[in-house]
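Here is the structure we will look at.
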Amino acid sequence: MGGAPLFRFVLQRALKMVVMVFAIITANFLLVHAAPGDPASVMAGEAGAADPQFMAQLRAQFGLDKPLSTQLWLYLGHVAQGDLGMSYRQQRPVAGLIMERLSATLILTGSAFVIAIFGGIALGALAARKVGRFSETLITILALGLYATPIFWVGLMLVLIFSVWLDWLPSFGMNTVGADLTGFAAAVDTLHYLLLPALTLGLFYMAVYARLTRAAMLEVASQDFVRTARAKGVPEGRVQRHHILRNALLPVITVAGIQAGQLIGGSILVETVFAWPGIGRLAFDALLARDYQILLGVFLVTSVLVLVFNLITDLLYAWIDPRVEVM
Amino acid sequence: MSLLAVRDLTIALPKGADRAHAVEAMSFGLEAGEILCIVGESGSGKSVSTGAIVGLLPSALAVTAGSIVFEDRNLLGLSAAEMRLLRGNRIGMIFQEPMTALNPLMRVGDQIAEALKVHGAADSEGRVRELVEAVHLPDPDRIVHSYPHLLSGGQRQRVMIAMALALEPSLLIADEPTTALDVTTQMQILGLIKEIQSRRGMGVLFITHDFGVVAEIADRVVVMQHGRIVESGSAEQVLNQPQHAYTRALIAAVPHRARAIEPPASGRPVLELVSVRKSYLRRGGLFSPHVRVPAVQDADIELRQGETLGLVGESGSGKSTLARCIVNLAKPEEGAIRFHDTDLRRLARRHWKPFRKRIQMVFQDPFASLNPRRRVGEIIAEGPMAHGTPRAVAESKARELLSLVQLDPSAAGRFPHEFSGGQRQRIGIARALAMEPELLIADEPVSALDVSVQAQILTLLEELRQRLGLTMLFITHDLRVAAQVCGRVAVMQRGIIVEQGQTSEVFSNPKHPYTQSLLDSIPGRHWLPPVTR
Amino acid sequence: MPKLTRRALARTGLAAGGWAGIGGPMLTSRLAYAQTPAVAPKKGGTLTTILTPEPPVLVLGVNNQGPTQLAATKIFQGLCQYSFDLKPLPQLAKSWTISDDGKTYTFKLQENVKFHDGHPMTADDVIFSIMKFHMELSPRAKPIFANIKEATAPDPLTVVLQLERPFEPFMLMFDATACAIVPKHIYDGTDYRTNPQNQKPIGTGPFQFVEWQRGNFIRMKRFDRYWTTGEPYLDEVIYRIIPDSQSRALALQTGQVQLTQANDIEPFDVPRFRAQPNLEVELKGWEYASQLAWIEINHRVKPLGDIKVRQAINMAIDRNFIRDRLWFGIGKQATGPICSTTKFYDPAAAKLAPHDPKKAAALLDEAGYKPDAKGVRFTIKHMPLPYGEVWTRLSEYFRTSLKAIGIEVVLETADAGAWARRIGDWDYETSVNFLSQYGDPTLGVERSYVSTNIKKITFTNTGGYVNPKIDELFTTARESSEPAVRQKAFSEAQKILCEELPQIWLLELAWPTIHDKKLHGVIQTAMGPNSSFDNVFLA
Amino acid sequence: MNRFAGEFAATFLRNKGAVAGLGVLVLVGVVAATASLLFPFSPWDMRGMPFAHPGEADMLLGGDSLGRDVAAGIAYGARVSLLIGAVSTLAAVLIGISLGAIAGYAGGSVDDAIMRFTEFFQTVPSFLLAVVLVAIFSPSIASIVAAIAIVSWPPVARVIRAEFLSLRSREFVHAAEVLGRSRAAIIFREILPNALSPIIVLASLMVASAILLESGLSFLGLGDPNLMSWGFMIGAGRSVIRIAWWMSVFPGLAIFLTVLALNLVGEGLSDALNPRLARQR
């Protein structure tokens, strides 16, 4: 891929992404405002007492007294300028709130993704290699089992084993508060906390990728060029790695790209179990409190993340598969 | 001592197959410097036997008896690792489908180099280049760094040959290496194989179903049927004095009877194509915009009552697109398609409907052209029913049509997958005839069939044409078939009709160089099959 | 057991000097609690505890949610706090007097009180906090402070509040959760809700705000210039945000936190922690809040307006089961509309009919609600309280109990947003609710039963109960400055309400405060864990 | 469907996992169907002491925090889980087939528009969307089913579209076109029946993930409060896991087995419907 076509492609995709993001914002805006209850009533509920004047004052302050279309228009205008608005309840800019917690989610989902993809491909490749043998059966059962277990359940069990019984790893949070660690020590500290949640989230997707890899490898193994490789006298291991696995990775990459969003969605559950301070949890809390601005902001940010991830997947795909260029 | 000696080779099929053995008591020898053709129709066991030689049999098949001695070693006694060392080293192989036989993710040069590397040979770029040049690939520097998808089928097959020859094997096994190629390419590849073989003195085991190819290349011939060798001998002998009935039938089925010269059809024109143009919008890749690719350019054709016009060309020449334009499966951008006096091109879908009865089509792939989930009776009856014929009438008509295409009327209650390819093609024909069309468009109706079946279908079509007075547009890539079936032919190349006229005239005195090269590429063109019977 | 340190004793002793009034000799109860200190206070250490759910801001007044109060009371302080029997104790006010007509309140402030930014706290800050800040922000304080005719500062350490009419429970409005003292120089003239300093709150409390990683933790450190020298003892207080109840329990169990409070620990986990030798479980400290939980009934919905139906529902419910099986013995069975820890509770007047499903069924039969073929008399909807699992269980128990007397209950889940909106809009049939009583029925009970407070707002008389007699009794109690008169009115009101059952009171809530035995002095007043922790220490 | 069905059954039955899965599913189905016979009382009824251990008070799998029978809950929960799984999948499949078929058959700008719409749903994290939908329309069986259907149709649409795109250019479809059959007949009689086999496989997996999704929603407190479902039981039991492990272990096991069985059946179906791949196993 040359510089200019690549640039044009990225530009086109960026435009498409912008359109998609605004469609998502609009749809979500309408959806979220269809919810019964508004932030003013929730805040009044929390205050333990309220009067109509107070409520009206709150609504005016949040702009909730304007017609919905005006609110939407204003919001879109702000978003276009990079302003995600203020959180009604926390009285802070939404962008800041999300940014504070985005890195936590990215660390969690990123590591989970790495665990899932590498573990999954390794297991899947092994299973495909050992078709009909005990190790294949074992991997298949493991993958099916992980696939069939609710994600929060896995989390609870891991906590029971590694935090309660073995006392090896902390069960919640993201770092040791007050330890004031920096640099490498801080990273190691976070890694400690990260291990269980990342594993919880990663295991499920690892099962997905393992199954996918196995199926793709079996499919690829029946293709003509594999026979060609064997006819050339290529050793079996090399056939598996260079010819079968590389081609089998293509569908795995595609699915991994599509599932990026699900990974972020799934992190709500994991963030809940492990008190991981990410945006999944932020969104859930915001939903319960009807803090629309945060919820919309999270939708926006996650959608952008997914779109960016899809773009990366496509570029990766194009990098691996030379056919994409002229398809 | 032969280079390769196969003795009493027997390979069992898994339980429940239609016969016990894929190959039974097969014996033959191959000398160095010799080309041996194994000929047979699909399912005759010819490919399975080569699989056994190189140790790449599918796991469901097992050699149960016999020996394969190659360079004084019994291959059946070797371990998998020892077999691997032979493959690609002493024994080279090329396959039928060049489009899928190369790893799409590896550069061509790397794939050739791999063949060298895995056997411990120096995989220098120079050597790879040498091999690429040896198979006459243009612009070797570019080809070496290209990915396979950028190469044409013929080029890919050359890459395959380069790979197979990398370590100068003493035995080359070529399994239908030209079947998927266009005639002109086929001729070049055959030439290349012959050239390399004679230069290096290799033994070549060449699998084919095409007697034309046999005539072109073989020194000796082995004919297989149902897993057994029915006849073997020198090429000269088998081609010209076949002994076994099966061989004789196969040779007789090769289309060769030039059609009796008919007076030019004088009926009124049924179909007139004027300056038809059709292009496709090819989807760009991730990084490239969409491209408009012309498929048919300024096609003019006239088809008169009762005549058969052959539309001849290689793949990608636009002949099928043109046929699809006529039946409104594709929308041409320009030109007129006049059926009698109606311009079909301008008709909306619902105005098209009456013409559906009058123009019908027979398709190429007998496996893909019948809905696998419907019974044969329904498939045939649904057309008339869509045009208002009551179900009972349509169904009884369907049974009549089945007899007409020489199938048992009880076939109506069965599903397509219960029939062989030839039978399915008969069903396809019956489906078209159920509409009682005036114009029948046959798009490569026999190209997916074995020769013997091919002959039957051609005969059937000819009979039906005469009996029902059909006007026919016959699309084919096989000049022998065209010569046998068509009164007139039109030759297409890259979307343009380069020549058209009376078949005998065009074939004996081609005006266009492309027509000439097509004719020169007919495999075994110098061989006139003996008229038996 | 709560302990009182020598320092605190000295402080209260100082305050005891000659202030009298209706507030009376207010120190006895705290002194009574001052038992021999088992452990000497020790400086240093970090207290890690839990906060859930995460509060939106940490400025009292801007937000008054439970979690906000827990954390912000370490940063902000009020003029006073309250003993377990709800007598005022000094905090930022060293002492106070109340005029005989009950209309003039004079507060003397502590000396050398500084805000965390170094500004001294003066009477101006107090007057600003009362007359402007909370007047605008707090729907609870507003109607009461509106009664202040004039607020003056004769000198920087004296505040005089002149009331229009006497208001007996007035002294109950000055703790940090009701009226935190905020810095005038930061807030005056700004929009209090959006003031940027809200993100970095500044108060006079023993701990100053350091860092807040949203969704993760809030960290505060010792304020070196705290007005009581030597205090606070702790170096740091860290509130971790842990949304999942099991993770919280685990944190406590493994010693990752030393203190849990409020609803951090689900009731069913409490027995386990009682058994854990290094932990102590305390239930005191919620006397000021005195939250009463009840089945909220919308009287507009048929047949819930029928007194017999409510009486039947009352008898269908087994309060012992609720306390013992759902709350695992934490809390106390409700006996009426006023908590037993709230002032003017009258055990003689507050008597509810006992659990008796048969009688309940008979009552319904008598009222004409006959069961159909499936045994169902009628169907009502019920909206569980979305504040945690135990409330869901309670609603499930409610459904099962009512099924036993032939009333079908259909649950409709609502999240916090929807719940608050629907209660405020009267858009419910039955629900569960709990309200704080703030020590005095006029402050926390009246609002739910008087017809003048039927409003489309949560925590008003949303059920729509109307009884002129009750209106009259509460008005009498509100306007009188005579405790005896008030008691009489409240007693009669309790009697009437217990018969008419405008709501089905279930349980006086208590929240377990569980802490490491090394942590001392957590629960010393009726403010419980909402106190400032200036004399809490680890030893 | 004589030989077709025969071959299909034979391939399916050769797959031991699929047969075991089918067995488990049948068992779950039977338990769900006979729940009211096995446990002739409401699963909400308090039958014994809270936290009764398995086996106590005639409760095979123990009691929950209100003394309700866990076994009865699982039996009645099977109905709900299967119902939610089946109905939401059916709805998702119907949405997916309609949109996918239109996109794949019509092609061009219609296809583009529909695919953008599909991408839209795949861009918003599906679990987050499901949570928001259920929360907004308040948790009830209808809103849960609708939310699950809304977030799970895109894969169906994509698969159907891809099948339509490929089948549309198959010769038997061209033949139908040339015979002059109507568009509806071509879509419903010719293409759709041939596009269904991947959907059957996908659907069996979707039922499984719908059950998981429901349990995830219940875990967050967004289940239907009036229906005893497995997800609800885990949600109610997980916080007391140290006191009463059986409250969450058994329903968890029920989910695990059912989802596993569905996956196994799905694989069996996939093999039986794509015999070419199956042979390589």
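In order of appearance the chains are A, B, C and D, and numbering begins at 1 in each one.
As a working rule, a contact is a pair of C-beta atoms (placed from the backbone, for glycine too) under 8 Å apart; a residue touches a chain by one contact, two chains touch by 3 or more.
Just so it is clear, the structure is predicted and the values come from calculations on it, not from any experiment.
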item: By count of C-beta pairs in contact, the leading pair of chains; value: A-C
item: Distance-maximising chain from chain A - centres being C-alpha averages; value: B
item: Separation of mean Cα positions, chain D and chain B [Å, integer]; value: 45
item: Distance from the mean Cα position of chain C to that of chain A, given in whole angstrom; value: 40
item: Approximate Å spacing (C-alpha centroids) for the pair chain A, chain D; value: 23
item: Approximate Å spacing (C-alpha centroids) for the pair chain B, chain C; value: 88
item: Residue numbers of chain C (touch at least two other chains); value: 246, 386, 415, 418
item: Residues of chain A touching at least two other chains; value: 35-36, 156, 272, 287-288
item: Touching two or more other chains - residues of chain D; value: 135, 138, 238, 241
item: Chain B to chain A touching residues, read off their complex; value: 54, 56, 84-89, 92-93, 95, 97, 100-106, 114-115, 118-119, 147, 149-150, 160, 163-164, 283-288
item: Chain C contact footprint on chain D (complex, rising order); value: 42, 44-46, 50, 65-67, 135, 138-140, 221-226, 236, 238-243
item: Chain D-touching residues of chain B, taken from the complex the two chains share; value: 60, 324, 327-329, 352-353, 356-357, 359-361, 363-365, 368-374, 382-383, 386-387, 415, 417-418, 428, 431, 435
item: Residues of chain D touching chain B in the complex; value: 3-4, 170-172, 174-182, 185, 189-190, 193-194, 279
item: In the complex, chain D residues that touch chain A; value: 17, 116, 119-120, 122-133, 135-136, 138, 208, 212, 215-216, 219-220, 231, 234, 238, 241, 248, 252, 255-257, 259-260, 263-264, 276-277, 280-281
